[in-house]
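Chain nomenclature is as follows: A, B, C and D, assigned in order of appearance, with residue numbering initiated at 1 for each chain independently.
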């Protein structure tokens, strides 16, 4: 029982067709459904109906983030814990929010982000047959990451936010940047035994710093860079490595202005392992290990 | 609660110094302790005291395999389930079997393998500092995999064995080779959301086909090949890819005769995903996707 | 002045459409022309009209091999040297043998192989624009190597053959397997400052052991393996490394039975560097560095 | 006959021990000799006595650049051509400038750079045995590139400089950035059939923008980044790709202030291939294909 991993993200886009074109033709996700003002997308190796939802809205920004529960009972369990923690929750029945979406528990986290815990999303299969499959499909278009990976959010009080996600939702702190005053400037937390599923950095409540797609190795980061540059996508950061999480990565922007990341690497972590600490003076290295430079844009631009 | 991952493997070696030299100087593990007839080893990124134990014995073969429990209560929980399933168990207190080893629950699985569930092994830290760590140590010797990954065992009745691991120990079947008669010839199971932590192939009960170390990517497989060949290690299989698990891999033998593997790739799997099926006619591809050739040695040599 | 590199290879195929389908759809070459019984192909980054020519013939085998000359005067120069060495030559005018083919000097080498030196083949451009090009085309089909690389031939007298290519055509010996009797069992020679453009191994005169396409790195070898296995191509050797040349490589067969290779790596070599020597006992490692195993098929099957 | 490749670079350093420590322990070159105020270094796979010479001097900057000639007669040949072009030359006998250095022809190019053509430098062998060598040495320290690759210089009149190197020294133009006024802003030229051995960018005469070491693939670029960052080396550019040359690369500075590069990729080029043209508006992409951003430092800092 418990949360398994990040399930999906809903982002708001002012131009639904442009966003859909970018996420399918450049990022290489697959469209699995449409509603009046929504496009549902999944990565090629994901079995579930969607991991990215584009919702029409006059301005861009985060809709909500979903976490996949292992059992249906997890919804009751976390509803009780959230309510005990003073968080208002709402249950959505199977397909109530959207077709194929599963049953879910919605709430606004104390960090100001709309979230839900979801169970039972429709299985649509990945792009491979279940019998005698090849290791990967050929001739996919665009970056074509196998799956969504993590989300990085901004919050005014990272300490309080981290306590909430740890104590109420059972996330496990893996790394943190501690200010010279002892407060957490940024934190990385996991529920999937990876380096992080959710991270927080100091900023406005409710902000989305970026969300990330998994790619399989460093060469896939380069492949993504080649494809993104070919299509004129705005690349913010050349292929590099994080100090925190050790992951190799690259940042860029979707047409609506959301920062995307392709990420690989990191490590397996057990729940009983102590968190890594980054000092304030080494925050540049924590974020960008090679050049140690964090520009103002990276710290201030979010959606 | 539940099992987290493979914790360790104990193998029997007739020449303790030769085996220790191979596992430290060629494979690049680190010695963390010695007892009269045992050497304890860990991979560089592992936090716990040991993941490979070499035990002196006139003949080579499997000692036992350990699975890491998330909570101490898991020992009681699985003791009850094992006993209900007719499996005799034995509790070993903290440090009773070996210093730093944690508290454990020993049993012989119906497949004839000595196993244990362990909790509380001593944390000794990986090779990196906890504050402002670089992403990896420099100048390690040998292959230096970050961690142990999985074990592949032989059993006379793969169907019954798979049922046991699934029903009693909560492993999740990810892939299987089904004979034309409908019986399982080989199965892959996971507890860590990876492609497999434990696999079974038809053969004698109690047999060890191989155990595998994780490496981070395809280039690390080549690096391992360069190093192993440099040292004259007997390489059985050139770098290749499994159909089942999709992983890239290479097989070779330690000086005592145990088959080792370096493995990378695979995929994330949710517990609600259906298993992949390989037909008997495609078993060659399931094991070796590129040339589809499984030689007799691979199917018959085990320890 | 002098020879620059391997220009092209002509192979004989009993089923022209099947061979063309394999070389375009699986290997990912591009068709640049057709004649009654011929198909002309080039790799994506090659500027010249063709590097592989498929010629209809009841049985498969080598047609001829072409070497690109730097200057038109090289044809006269090598004609004189060849005639002095007792080799009969024939001049073919621009487009005489085939449209776009350039002017050439044909001869049968003492090793029994039809060869030519060619100058002035039609430039058709690679797949990129000449102004502000991206680093590579996107969405190519199949393996899509950037260029042809080298050829490996069989000859009864490797010593005499090597002397001919060195003394008459200015190839430079880079590596050799010396038999215990002091004779050359196999030799590698270059004209392009790479590890080899032409190699000889003991076997029947006039035999083609394999020809190789360049790919850019080890990950491209895996990519080729994924694609070839997907299409059911007969793969002879998993991704591996040669001792001689140090190159990473993989062998497989085209539908007519010619052995193909994808190759990467090797090294830069100056003409004044001494050749590497492999002893007969280490010939296995010279060919396949990792497992050191050369099966009978590899030594006996050629076209 | 002709120039084969870049042979060596001499750079001036105010702290000889610090520079030697950086180039041996961090960059992983090997010291092959010392003179009163000089340290001679080579990369592991180079056969010749040195490719980098550190010379004590109160201020940093370029000493001279050497090009390797194929034959001793090339010295006479280029001396005549240089003198005809109005360039004063000086012959240095074997070992006259430094032990092991070969015979050379010194001159100041019209771009204000001290250069020489050298023949007969002492062969000291690479780090591998000549008989039955492994493909690479194990346990080297630092980045350990196999060889030096190219040099990038500044010149006031890139057009005139490019004409000189093309017409007098037989370099072949492969790529160029053309200003909107038609003049060359930057040019790339080769003598080794690679994407470039020498490049010029508009700036002061005699300036050294950077010199580059070859590494074998994209993963080696990351390996270099890990090692350089570990040692606190000032990294200017994260791993990226050039538009011009297509090469993958990373820039950083030695302790004296010279910009270094690790470079891989590019392409094979024949002398009869037309140059690629980059328009002034796309100069950012020509230099840094991914983000297209050229900061002021990159265009103005040189030595």
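The working rule: a residue touches a chain if its C-beta (ideal position, glycine included) is under 8 Å from a C-beta of that chain, and two chains touch if they have at least 3 such contacts.
This one's a predicted model, so the numbers in the text were calculated from it and none came from an experiment.
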| item | value |
| --- | --- |
| Which of A-D and C-D has more C-beta contact pairs | C-D |
| Maximum centroid distance from subunit C, chain identifier (CA atoms) | A |
| Centroid distance [mean C-alpha coordinates] between subunit D and subunit A, Å | 43 |
| Distance between the centres, which are taken as Cα means, of subunit D and subunit C, whole angstrom | 31 |
| Multi-chain contact residues (two or more partners), subunit C | 134-136, 217-219, 226, 229, 241, 285, 289 |
| Partner subunit D, residues of subunit B touching it in the complex | 134-136, 138-139, 141, 217, 219, 226-227, 229-230 |
| In the complex, subunit B residues that touch subunit A | 1, 4-5, 45, 47, 68, 70, 123, 130-136, 146-147, 192-193, 214, 216-219, 241, 243, 246, 265, 267-268, 270-279, 282, 285-286, 289 |
| Complex contacts: residues of subunit B adjacent to subunit C | 218-219, 222, 225-226, 228-229, 235-241, 248, 250, 285, 288-292 |
